[in-house]
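By written order: A, B, C, D, E and F. Residues from 1 in each chain.
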Amino acid sequence: MNDDLFDTGLQIRKEVLGAEFVEKSLAAADDFNMPMQKLTTEYCWGAVWGREGLPRATRSMLNLAMLSILNRPHELKMHLKGALNNGVTKEEIREVLMQVAIYGGIPAGVDAFRVAKETFVELAQAKQ
Amino acid sequence: MNDDLFDTGLQIRKEVLGAEFVEKSLAAADDFNMPMQKLTTEYCWGAVWGREGLPRATRSMLNLAMLSILNRPHELKMHLKGALNNGVTKEEIREVLMQVAIYGGIPAGVDAFRVAKETFVELAQAKQ
Amino acid sequence: MNDDLFDTGLQIRKEVLGAEFVEKSLAAADDFNMPMQKLTTEYCWGAVWGREGLPRATRSMLNLAMLSILNRPHELKMHLKGALNNGVTKEEIREVLMQVAIYGGIPAGVDAFRVAKETFVELAQAKQ
Amino acid sequence: MNDDLFDTGLQIRKEVLGAEFVEKSLAAADDFNMPMQKLTTEYCWGAVWGREGLPRATRSMLNLAMLSILNRPHELKMHLKGALNNGVTKEEIREVLMQVAIYGGIPAGVDAFRVAKETFVELAQAKQ
Amino acid sequence: MNDDLFDTGLQIRKEVLGAEFVEKSLAAADDFNMPMQKLTTEYCWGAVWGREGLPRATRSMLNLAMLSILNRPHELKMHLKGALNNGVTKEEIREVLMQVAIYGGIPAGVDAFRVAKETFVELAQAKQ
Amino acid sequence: MNDDLFDTGLQIRKEVLGAEFVEKSLAAADDFNMPMQKLTTEYCWGAVWGREGLPRATRSMLNLAMLSILNRPHELKMHLKGALNNGVTKEEIREVLMQVAIYGGIPAGVDAFRVAKETFVELAQAKQ
């Protein structure tokens, strides 16, 4: 394991997904899934999100497109929140998902729009 | 059919993929695939690429990510050229494809990098 | 936007999926997802379902196969209802899903049969 | 192994894909892939294609849609020939592939149209 | 139908997934889905799981990897239980799922780990 | 970057895929794809293949199944060679690919068997 990369990754992961959520995930990890938590933090958040060369908002938009096509609604919801944290606007999210509908097919687009609506409702309720 | 949308789409498609390539595709179309040419030009290029709300360079990067994950190397090659036409740099392409490797898996990343290398060689040869 | 194609699409979409359901979807649409509602109605229902050349029952069966393989249970449920509206019998649905199991793999078939059973139960309850 | 099912399957497989092609595949099979040849002939062609309940032309159209989305061009080419053998017209193939483009995404449609064009050229050359 | 293969398949299916679960599935089957129950038992459990050449624990691990990538959480849960029945340890399951995360992408891995955790909780509760 | 993990990964990668092939890949890497070479070597080969808990032959079999389903023939070919290097027999490879045919669908199985046959021919020719 690479401690520096883990620390960088943890920092970015908290900034994008929210510190509370990330700390809870790590606190809930046990022997079974801790190696996966570490791999994700170090490799996904440290080694790639930690690279220069693309603004975080762009990385977020890429993720929304990829997760919609990969058909992973849990991760999509998390990264919709991350995208808003990274300054992506609702209008930009809409544009990304419409492009998904054309390239990934209408059902991928419909599902992604539904997840986005649910996410916006959750966020509005959380603010109250 | 919507003539305005088709014309808008055709214009954008030529700007992104190159007028010569697009004209050749349309000229080669026959009764069998002309409806597909029209659908693509009108909806994909007119109704989505023609929307405001995202810069073309961002739309190109989204496409590189989606086509890599959808495993469509022919289309990926075409849109790698389109991305360069839209001002995406090689360094940005690299960042997109590394993000693909993380979220879509290492084999998706490896294949996308190979297609990108082939595309860059083709473009270098075409310039000579 | 192409108003004629939208109107054709809206008409077909209502005939296949049920007028009440479609009107509710459109009424619930806001700035965020209205462009997607329009794209789907015009492009999916107008430009493709509106074409001649295949009976609606055949288009429905194609959709059941594609949605099972694309792993989109929400859309599959909707189109199972649409298939019955279009005159596809339960026996034909079974045949389509068994072919899915062979070409898309047993898990795709098992999931599709489960969604079909749930849909039939919902429809039976709605009739009571 | 179920000999009756194998025989039924072999008969149908030859009728759909052509006797010569199927005999060559079986003759070329060795210890390594013979079990796969048997599994395919018995289950895919015997247990599913051998079922009543759907005309062969419909089964062919379902396959074209599924194989396009599954991104399997070799199998798609074989089943395009099979579809023509089963009486599916070129116009119907076009309709199936346009529906693929909507539900599976434009790149799936573009690739399927390209494979179809190549197949038609091959068939025209074989007739000369 | 091949009765011997069905019987072999049924036996193995019960040993791997639990007799009670399998008997319930068969008892609940009706005209609509009985052919799918038979196909699965005969073809999946008889013709493939019934083959020699790989230990059941290895077949289970292959299934965990494939079902994670195919994005089929219902089947994954069932085969996680099957894997434990076949003597695969939790540590080995973890290794399989980490390999999924690298080759199928981080979101496939994250989803698979979540399904595994849910499954372990269900099993612990069932034992109480 | 984590130098230890890279060194471990490089060592394993060479042992599995062949030193000559890996050295050529690294020697051919330029600014564009070197970060991908490093990511793959460090995370895929170091952080996952370098873990204890599964024999290399099992990891190879998992990869054959995953790459067949992910539809990545280039990587599949490389890992077929790797599997043989790791002591997986041809008979075991056949069993893995038959299981792919059931769970991933017949076309995934057919394509994987074809790639395997091509790989065996290449290896036989290379030995001459």
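Here is the rule we use: a residue touches a chain if its C-beta (ideal position, glycine included) is under 8 Å from a C-beta of that chain, and two chains touch if they have at least 3 such contacts.
Note that the structure is predicted; figures quoted are calculated from it, not measured.
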Original post:
What is the graph distance from chain C to chain F, where chains are linked when they touch?
Top reply: 1
Subject >> Rotational angle, Cα trace of chain E fitted to chain F, multiple of 5° >> reply: 180
**OP:** Please decide if copies chain D and chain E contact each other with the same set of residue positions, more than half shared, or with different positions, and reply same or different.
**Re:** same
Original post:
How far is the middle of chain A from the middle of chain D, if each middle is the mean of its Cα atoms, in Å?
Top reply: 40
Subject >> Inter-centroid spacing, chain F versus chain A (mean Cα positions, whole Å) >> reply: 29
**OP:** Scan chain C for residues touching two or more other chains and write them down.
**Re:** 35, 39, 43-44, 47-48, 51, 67, 70-71, 94, 98, 101-108
Original post:
Can you name the residues of chain A that touch chain D in the complex?
Top reply: 102-108
Subject >> Interface residues, chain B side, partner chain C - complex >> reply: 1-2, 5, 35, 39, 42-43, 47-48, 51
Subject >> Residues of chain D defined as touching chain C within the complex >> reply: 43-44, 47-48, 51, 53-54, 58-59, 61-63, 65-67, 69-70, 91-92, 94-96, 98-104
Original post:
Which positions of chain B touch chain D when the two form their complex?
Top reply: 32-33, 35-36, 39-40, 43-44, 67, 70-72, 74-75
**OP:** Flag every residue of chain D that touches chain B in the complex, lowest number first.
**Re:** 71, 90, 94, 97-98, 101, 105-111, 113-114, 116-117, 120
